[in-house]
Structure formats: structure tokens, C-alpha cells
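To keep things simple, chains are lettered A, B, C and D as they appear, and every chain counts its residues starting from 1.
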Amino acid sequence: MAADQNGQRSLGEGAMLTLCNISAGYGSFRALFDVSLEVGAGEAIGVVGPNGAGKSTLMRVISGMLRASSGELVFEGRPLTHVPAHRIVEAGIAHVPEHRRLFARLTVEENLRIGAFLPQARRHYVERSEWVYALFPRLLERRRQLAGTLSGGEQQMVAIGRALMSKPKLLLMDEPSAGLAPLVVDQVFDLVRRIREEGYTVLIVEQNLQQVLDVVDRAYLLEVGRIRLSGLSAELKKNPAIRKAYIGL
Amino acid sequence: MDIYLFEAIINGILLGGVLALLALGLNLIFGVIDVVWICYAELVMCGMYMIFWLHSFFGWPILLASFAAILGVAGLGVLLHLLVISPILGSAPINQLLATGGMLFFLQSLATLLFGTDFRNIGVRLPLIELGDIFISYSRLLAFGTALIGAVALYLFLSRTYLGIAMRAIAQDREIMGLMGVDQRRVYLITSAVGGALAGLAACLLVLQYDVHPFIGLSFGPITFMICVLGGLGNMIGGFIAAFVMSQIIAVGGYYFSIEISYVLAFVFFIVLMFIRPQGLLAR
Amino acid sequence: MAILSRLIRSFGLFGFALLGFALALPVIDDGALAQDKPIRIGLLYDLSGPFAAAGSVASQIGAQIAIDLTNERGGVLGKYKVESVNADSQSKPDVAINEGERLINQEHVDVIVGVYSSAAAVPLASKVEEQKKILWITTAVATSVFKDRSLKYVFRAQIHSDQYGQAGIGFLTEHAKSDLGVEPKDLKIAIIYEDGPYGTGVAAADEQYAKQAGIQIVLKEAYSANAPDLSSLVTKLKRARPDVILHAGYNPDITLFLRQAREAGLRFKMLIGNGAGYSQLDKLTATFGTDIDNFCDIDPVPAQHLDAAKLAPGLGDLIKIMVERYKAKTGANDVPPHVSMGFNQTWILLQNVLPIAIEKYGGTDAEAIRKAALDVDIPVGGTIQGYGVKFFPPGTQLSGQNERSTPVVMQYVKGQIKVVWPTAIQNVPPVLPLPAQSPYAVN
Amino acid sequence: MKNELARRLGALVVATLLLALVPLATSDYALHIAIQILLWGFVYTAWSLMGKFGLVSLGHGAFLGIGAYASPLLWNYAGLTPWLGIPIGILAAMLLALIIGYPCFRLRVVGHYFALVTLALSQVALLTIVAARDITGGSLGMTPKAVGHSWYALQFPEKPYFYAIALAVWVFGILIWHFVDIGKGRAALDAIAEDEGAAAAIGVDVMREKLRVTLASAALTAFGGALLSQYFMYVNPDTLSGIGVSLQIVFAAIAGGMYSALGPTAGGLFTIALPEILRVTMGTNFVGAANTIYGALLVIFIIFMPRGVIGLIESRLAAAPARKISKEPAA
């Protein structure tokens, strides 16, 4: 049901996640200014922008790692603005953090188990893990290996798999391609595509504009903490300003 | 082989059991919460007093009293966490160290105030085990066995349960635990309770071998501490091995030289090893 | 201006704190000086910390009973009331020094009575010498507190640690042949001791006297009173096979040692304790029951175990009062020797020294007390602990130490203490070696 | 920089003059406590030289012990005046600091592990002093041979003399603190405390800077120890060396505030005067009560004033004018 809404969404009521005038920062430093955006069920949305634009901060606000100083966050009609991170996961948002942040001294399997920590996820651990292993067969081979010993691409698989273990409704991905070799980057975007095909709603933050616009339906351009532009990815790809500044043409 | 040397080695192994048991809880707390409870031995003292009062004064059966003491010290662990540790989780490690150091002083004096300075004893005398010329202390054997069982149980808990894995994970990356749906405060509280319970368990076995008095912690505090560091703070297996290494140095060193020298040896060994393997015996 | 603001900002605070501290001090002062000048005595003992239960509190209670009793009888010479100021040295020498300073300079006491630990007695002796006040030691025993220090204002009617060795070895040489069946030169002893001043002092004396008597020392070893494990010491004792073990320790280590010795099957013909923990019979019995029957202990005698008929008239009643009051105050069964130490020494000061000081030397200032003390000459049997009092005069090696004090050897007989040596005043003849029913006896 | 130095010096001179008047106003007992506060304050200040750069040493009990034992030992056995004995003790402490510091810094033993290695060091020093009881008197402690009032033997039975010495030494300690605080090494040490690897990368000689401050700290600590034993005319392994003393030093410096010049001295007020006042006011009726309160206060201090008393007050005072300034542009 979610998958067939691809590309065409209607604004307003149907949005799964709504951010309204969110501002946030660290101490006296403000990283986000009145950011508003919407993610509809089944959509894949990109947030793009240069380094230091506040993309990761935005993700941290959504997943509850950072408190917004003002503004509102609504998920499936529930206000989630000042809810701690572990409750947000319960609500159905999983976050694949920047730099993957695996538990390096735990095995692959244990990393997946941590992902299924929530009681509702524990009950489905066996089927979920089988599903993740089916998605990433490489992980099945390496399940007893310490996560820290895997290659970058494999680690990204574990990070995504770990997030998927909680059976989220919305998957947040923070710079999944960062720090990976070009060949591996392609693989990672393949992964994103496959997850989309599985019917997940995805919000992805990327610097790598070219490739991310191939994957998502719509995107927002974030610069110095403010939303500059938004639109369907096809349109954005054609936007001369973006082409000049980010795609290098 | 020299029969007496053999006896010294056996004694060392048994002492190692006692020390390993003491190190278990302290190590768990450090591993998960990243705080060193300097007053850990004083919690053991509290447990010993609980058993003494419940058993000798209120006449509870020893097993029931022990069980109550384990629960009681677990409660103390939770209180310690809520009142002292959690307000300063973000402070410099040295401040955390000193806050629990202040608790050491507080608990010692409070025990003096409440119970006086008398030595208390539950008066239980355990049978002797005699194997030819070698004698084995029953209470030490009991402590040794419990340490082994405790270590295995803790190992299974940490490797098989969701909570246990979360405890190991939290030590590696605190910030993202929330993203896994883990409530960090809850895990800390449970860890403090388990650490406290392990201190209570140690109290049950120590009370069979030692008199209780407000300063009993002085006998065990420093050495337990060294063992945890030697094993690599938070490294359960390392701590277990370190307990036996240290106890062998003390027992065999004491046999060849004197108890005094054996402690100097143990500390010098500790310093040198810190230079060679600064992250502990089993550092990778 | 800038200097001023900076000053107020940081140094001002420091000044305020110092000022606050200075203001707090008068609160501490009892203001007792305004009264009718009673004789002020500071009682300085370890009321907290590890030494408290090892006899320090018992000594303090003994000393307090002596003061109360004197006041009930009208005071010194029947008219000068005694006022005591309590101080707690917390089992730490530095606290003892601070309390000594306070008693002398703030409380203006004439005499400091007390001191359990020899480590506290050493610096306190220097303090009072410097400030010319009297330190009247009731309990601390190390010989080195006095030896070669030509002290003038420090007195101790109590025994000193060399005498433990003298008594222990004297007792053994006397009974080696008759009871243990070996000549003294074939007797093998082991000396084990806690490594504090008390244990070290006693052990050195044991060694010295044993060498003089030609007794073989097969092991001499120290350990810390805090040691969590003594099993390697026990193993070494098993290997050395001594006939007799001489042990100087406090309470927790004695319990640990005896327990590990029993568990490791250590056997010997006799164990002789040297006061401190071994004189706390109630506590040892609570742990070991009858296992420790027939062990020996050297200490100044608990007065109640002496035959009152052999003491000067009136002392028997005094002992009864002391014992009753101690039991009433603490609910204890056994009255340890430390009570007698505290009581006896304080009693000597109040009844024998101060009267001379007042009548002959015109007051209770340090100089008068010092002269009076040197005048005291009590024959053997003249104090509740049996010994007489005559202090070594200035210029001698142990000046200030009582030359007539003696310890006794006691034996635990069915939970009771009996004096077994010196033979002249024994209650019962000693049981030697340990009888077969003892779990420690050589089979 | 010059201006700042002059201001600091001015404040110090005025404070010293004020403190110099204390003996006129108080009793010998208060003076006795004041001398201890100044001397311990000096030791705590010496510790904070290292501590504030993240070098948390729990081994200062060893340095203090060496300083405290060296001059009485030399005086009693060789008749050497403390004027020579104290420098020898200081050199010995510096040597030990080098022996322990060099491998620690070379092998990058930092944080918890540095604290614990040094902790073991103080225990080794304590055990060694006790074990060498034939010379040191073991746990009975030892007394320097008393000769009465003497500059040669550095012995003064009269308290005001020692008060003056203690005050002078304390001022010296504060001066050194300021010297390090505004000195050239400060930036390097700050960088090291922040991130050792990064500091090395920008050309800081990590080893040299760390060793320098460690040696200075150890030397001053040993000096303080020597004066303490000279004042008390008594040294005891438990009071002047070992783990207990090390913890006391760290505690005082942190509770007082190790980032301020006067913080460690305030810590001295806290660790010397407070237990004294508590013990005396509580009397002997509730044995243990004084220490229970003291222990609770220790914990409360650490929880609520992580930068120490002086640190808290300074930040309050600094915050007040800062607020005023920030309002101005808005108006």
C-alpha cells in the first residue's frame, strides 16, 4: 500500500512525520532555524546540503538525541517534541546514525539483537533476523564475527540491519555513504533502493547529491540551518542553481 | 614437590576465588556505567552487618538472612547510584572517584555511629576438609565455588540476554543506546542493583570467614581495586584471571618471603604490568 | 581599585573563611575557666577507628570510673574536684596531636591521661615535653616511647613492651623441662606479630629474651593488621613446626589467624598471646567457643583475677566497684585488663600523685606533679594490679617509666581467665602443653 | 600580561600582610591549626599544578613521605642540618617522580590508569617505610632529635616562628602557581590536557612539558612534607605517606577548586579545620558522628561544586558583570 504511492503524494493530512518550525543547537550555538518538512507514508525523502548545514542535527532532533529549542515534531498524529530517544524508537522511528556507530566489540548477531531490544521487537526477533540475513546474506556468513572487524560496506549493512530489527515505520539514514570507497557507495545506494522496495518510509540525509536524488522521491535543500529549496527530485536535478553548486556542472 | 609450597599454591587459588568474587561486581559497574565505586568494599561491609543482625540478633536462618542481605545491598547500590552517581555522570572521572571515596568515609563512620567499633561474629564454624596432609578451608572453597558460579552466571547473562548485551553495548557507545530503544537510566539502575547484589553475595561468604567491623573494607578495598585494573577495568574475564595472579603472588610470595614483602611484590608487579600492558592483562 | 576588587573576589573569601574559623573556636571553648578551678584532666583515647574496640574504649571507661569515684569521695584530698575533658584521637596519630594541642592550649588541662596507641604516644610525649605539661600514659606499652628519650614530663605506671618478652620467655623457661619435656635450648618457638608499634615492640622483646635464654626461634614474621589473608603465614608455621607460638595482634587479625590455622590443621603445644586482642576474651569466645581454651595471654593483670588478700587493704573493694561499674556500663561479661589499666593508672595519679603535688609542692601545675610523681614509692601489692610504683628518675634510660610494673601470664580456663605466672601469685598451675581435646593440640 | 601579573602580586601582598597579623589575635591552638592549613594548602597547591592539566596523580603521598622522612633521617643518623637534608629529600622525590613519570608518559599511561599506577606507588612507598622499620621506626613513626629553638636544626617550639615560615612557604607556593598559570608552558599543557595526540602533532614536546610540571609538583610536595615533619617534630607513615594521604591531597585540591590559585588552600581549610571543628563540637557523645557528617559533606561538595568552592564563587562573580555587559548592546 505504501509502495504504490511512489512519486505522488498529497500535502497536509496524510503526512507520517511533520516538522514545524524546528530550531535547535548546542549550547549557545544554533544549528537549525525554523525548519519545517513533511514525510508522507511510503515516501523516500532526501535532505541534502553541504557539510555543516545542520543535516545531522536535524536527524538527531527527530530521533530524540537532541532536544529542539522550539518548534513541533509530530509523528502519526502524536506529538514527539520532548520525548526521549528510547520512546521515539518505540513509536516506530529507527535511526541509522552517522558513521554507523556499531558496537565494535559485539558480534554482528549481538548488534542485531540490540536493535531488537524493544519488547515488541524481541517477540519477532527470529523472523526479523532471518529477514535481515536474507536481505544481507553477507551478514549471515559473518554473524559470529566482531562488528569492528568488518569492512566499511559490511558495517553499513549491519547498521541498517540493526535499525530494521525494531520493525520501524520510518527509517532515518544519516550519510550512509560517508567515508566509503566509490564502489561501496554504489552498493549502499543499492541497499537504500532495496529497502524502499520493501515498503519502508525513508528519510535520508546526504552530501552526495547526485546519487541520492536518484533514490528519493522528494528532497529538501538545507543550508546553514535553513531550508532553501524543496521539490520532487526530478525537478531538483534540473534546477540550475543546484547543478552549479552541488553537482559540479 | 614441596608439600608446603603446594599448600601455599592451593591457598592462593582459594584466596583468588574470594578476590575474584569481590572483583565481579566492581568490574560490572565500571564496565557498564564507567564509574569506579571506591566504596565497593564498604557495601560488602554493610551486607555483612545485615547478615550479622538478621542472623545473630533477630534469629533468622542464615540462608534467609543471606538472601535478605543480597537484596538489601542491591538496594544500597541503587540508592548509591540515584543519590551520588547519577547527578555527576557528566563530571570528570576524578570527581566521580572522589564522590564515591567520600561515600567510603561516610559509610565507615556511619557504621561506627550505628554499630560501634566492636568486632561482630556470627559464630558459624564450618567443618574441615582434610586431604592427606593438605587442609582446605571449607568457607574458602565455598567462596571459590560461588565465584566460579557467579562468574559463569554473569557471563551467560551478559552474552545471552537482551539486557546483558545492552549492558555490554552501553559501555562502548552511550549516546546511541537510546536509538536502540534502550533507556540508559534504567540499564544503569539495573546494573547498580546487580553490582550491589554481587557485593551482597560476597558479603555472605566473607561473613563466614571474617569478623565484621566498620573498617573491614580496608582489608579488601585496595587489592580488589588493583585486580580490576590489572584485568582491564570492565573486563570480566581479565578481572577473574587477575584475581588469581595477584592471589598467587601474595600466597607464594608470602611463603617464600613474608606477607609484607609479598604485598610490595604485588604492587610492584602491578606498576610494571601497567607499563607493559596499560589497558590490562588481556588488552588487545 | 582593580587590586581591591580582585582581593575581595578571591582573597576576601579566604579571609572570611579564616575569620569564620577563628570565630568558631570560642564556641568550642567550654568557658569552664571561670569556675572554681577544679583540677582539669584531659582523657585522650581512641573512641573511634580500629583501636577503639581493641581495648581503648575499655581503658577510657576504666579511667572515667576512677575519676567518678574520686569525685564521689569528695575529690582529691577530699576537697579538690576533678573535671575531665574527653577527646577522641580516632586511632590516628595526627588527630592525637591536634587533640593534645587543644587539650593543652584551649581546654587548659593540667594533665593528659590516656593514649592507647604507642604511635600516638610518641608525638604526644614530644608535645608535652615542649610545652611542659604532664602526659600520664595508662595503656600504650611500646618501650620505645620512653627509651633513650630522657623524658621529664611523661610518666607511665603501666608495663612496657619489653616486659612481655621477659614474662613470656620466663614462663617458658620455667616450664620447658617440667611440662613440655624439653630443655629450653631445644624448645622451638615462632614469633608472629602485627607490624604496628605494639606488635613490633613485643616481638623484638620476645626475640631478645629468647636469644638470652637460648631458645630456638624458628620463625619471626610480621603482617599487617588489615591483611585479608594469613594463610601463607600459617603454611610457613606448619613447615617450621614450632612448639610454642608467641603472637602479638589486634582483634580482626587474631580471629583470622586462628580460623585459618584451624582450617589448615596447624598444631602446636601452646600459643601465648600478648594482650591487645588476646585480652578481649568475650570477643574471642564469641567466635571460637571452647576452641581457644588453655591458650595463654600476657598482659597486666585484670585486677579482679588477683587474690585481694595479697593486696594492700581496701583495694579488694575498689576492684569490686570497678568491675561492677564496668559491667553495668557496658553489659559485658568479661572485664578485660584494659579496664584495670585505665582505672589503676588514673587512680594512682589521683590518689598517690596529686595529693603530694598539692600538699608538698603547692599545686597541680606540671612542675609540682612531676616532682610529686618522682616522690611516689608504692610497694609491690600496693595497687589493684598488684605491682608497686616507683618511676625511673631523670637521667636513666627509661626515665618516667614505672620500674616496678609487671605483667602476668594468664590462661583461658573454660571461658575464665586464670593467672598462672608469676608462680608466686598464680590462681592455678598452668596446663601445658595443650590438652588433646583442643583442635590445635599436637596429636 | 604585565598588568595582570602586577594585579595578582598586589593582591597577594595585601593578603599576606593581613594573614601575618593572625598570630597576634589567636591562641596557640588556633595557630597550630592555621599552620597546618597553610602547609597542607601549600602541598595541595603543589598537587594542583599537575591536577589542573588532567594529570591526576594519586602518588603524591609517596613524594610527601620522601620529603618528610629524608631530613629527620639525615638529622638523626648523620647530624646533617635540615638546610641540606630538605634539598636532598626534594631531589630524591624528583628522582622518584622521574622514574615513575618517564615510563608513564613514554608509554602513554593516562587517565584512570595513570591515577592507579601512582596510587600503587604511594602504597609501595608506605610499605617500604614500614618494612624499613629498623631505620624509620616503622609504623611507630620517628622523631627528629630535639634541640630546642634552633635555626640550624630548623626547630622552633614557639608557634609564631613556624607560622611565619608556613606563611612564607605558602606565599611561595601561590607565586609558583601563578608563574605556571601565566607561563609559557601553560598553553602547551592545556593542549596536552585537551588532546595529547593533537598537541604532539602541532609540535608540543609532550614528554618534556609533562615531566617538567610533574617534577615541579613532586619537588614542592616533598618540600611541604619536610616542613610538616619539621613542624610536628614527628613523622608517621600513615599521616605523611600512603594512599590515605594521597586521596586527602586530591580531595582537598578538588573540593577547594584546583583551577583557582586559592582553591587548594580553601581545600586545606576544608580538610583540616572542618573535621577539627566537627570533632570538637560533636564531642565524644556520638562517636563517629563527626566523621559521618564530614563524609556526607565531602560527597555533597563534589556533587554540587565540581569545580570546587572557589571555582563556584569565581564563576558566580564572573557571571554577574558578564551579564551586565551582554545587556548593553541590546539596549
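Going forward, a residue touches a chain if its C-beta (ideal position, glycine included) is under 8 Å from a C-beta of that chain, and two chains touch if they have at least 3 such contacts.
Since this is a predicted model, take the numbers as computed values, not measurements.
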Query raised in the report: So which chain ends up closest to the centre of the protein, judged by Cα positions averaged per chain?
Result: B
**Report entry** Selected pair, greater C-beta contact count between B-D and A-B
**Finding:** B-D
**Report entry** Centroid comparison with chain A (C-alpha atoms), farthest chain
**Finding:** C
Query raised in the report: In whole angstrom, how far does the Cα centroid of chain A sit from the Cα centroid of chain B?
Result: 44
Report task. Could you give the separation in Å between the centres of chain A and chain D, each centre being the mean of its C-alpha atoms? Result -> 53
Query raised in the report: Measuring from the mean C-alpha position of chain B to the mean C-alpha position of chain D, what distance in angstrom results?
Result: 32
**Report entry** chain C-chain D separation of Cα centroids, rounded to whole Å
**Finding:** 36
Report summary line: Expected list for chain D, residues touching two or more other chains, is 130, 287-288, 291
Query raised in the report: Which residues of chain B are in contact with two or more other chains?
Result: 109, 112, 116-117, 260, 263
Requested in this report: Provide the list of chain A residues touching at least two other chains, using ranges where the numbers run on.
Outcome: none
Query raised in the report: Who touches whom among the chains?
Result: A-B, B-C, B-D, C-D
Query raised in the report: chain C touches which residues of chain D in the complex?
Result: 7-8, 10-12, 14-15, 18-19, 22, 25-30, 32-34, 36, 130, 133, 137-141, 143, 146, 157, 232-234, 236, 238-239, 260-262, 265-266, 269, 273, 276-277, 279-281, 283-284, 287-288, 291, 310, 313-314, 317
Requested in this report: Quick one: which bits of chain C touch chain B in the complex? Just the residue numbers, please.
Outcome: 48-50, 52-53, 57, 195, 221-224, 226-233, 235-236, 238-239, 251-252, 255-256, 259-260, 262-265, 283, 286-289, 291
**Report entry** chain D contact footprint on chain C (complex, rising order)
**Finding:** 2-3, 6-7, 9-11, 13-15, 17-18, 21-22, 24-25, 27-28, 47-48, 52, 86-88, 90, 92-95, 97-98, 101-102, 104-106, 118-119, 122-123, 126, 129-131, 142, 144, 149, 195-197, 200-201
Report task. Enumerate the contact residues on chain B facing chain A in the complex. Result -> 159, 162, 165-166, 168-169, 172-173, 175-184
Report summary line: Note: in the complex, chain B contacts chain C through residues 4, 7-8, 11-12, 14-15, 18, 109, 112, 116-119, 121, 123, 125, 128, 130, 135-140, 209-211, 213, 215-216, 218-220, 223, 247, 250-255, 258-260, 262-263
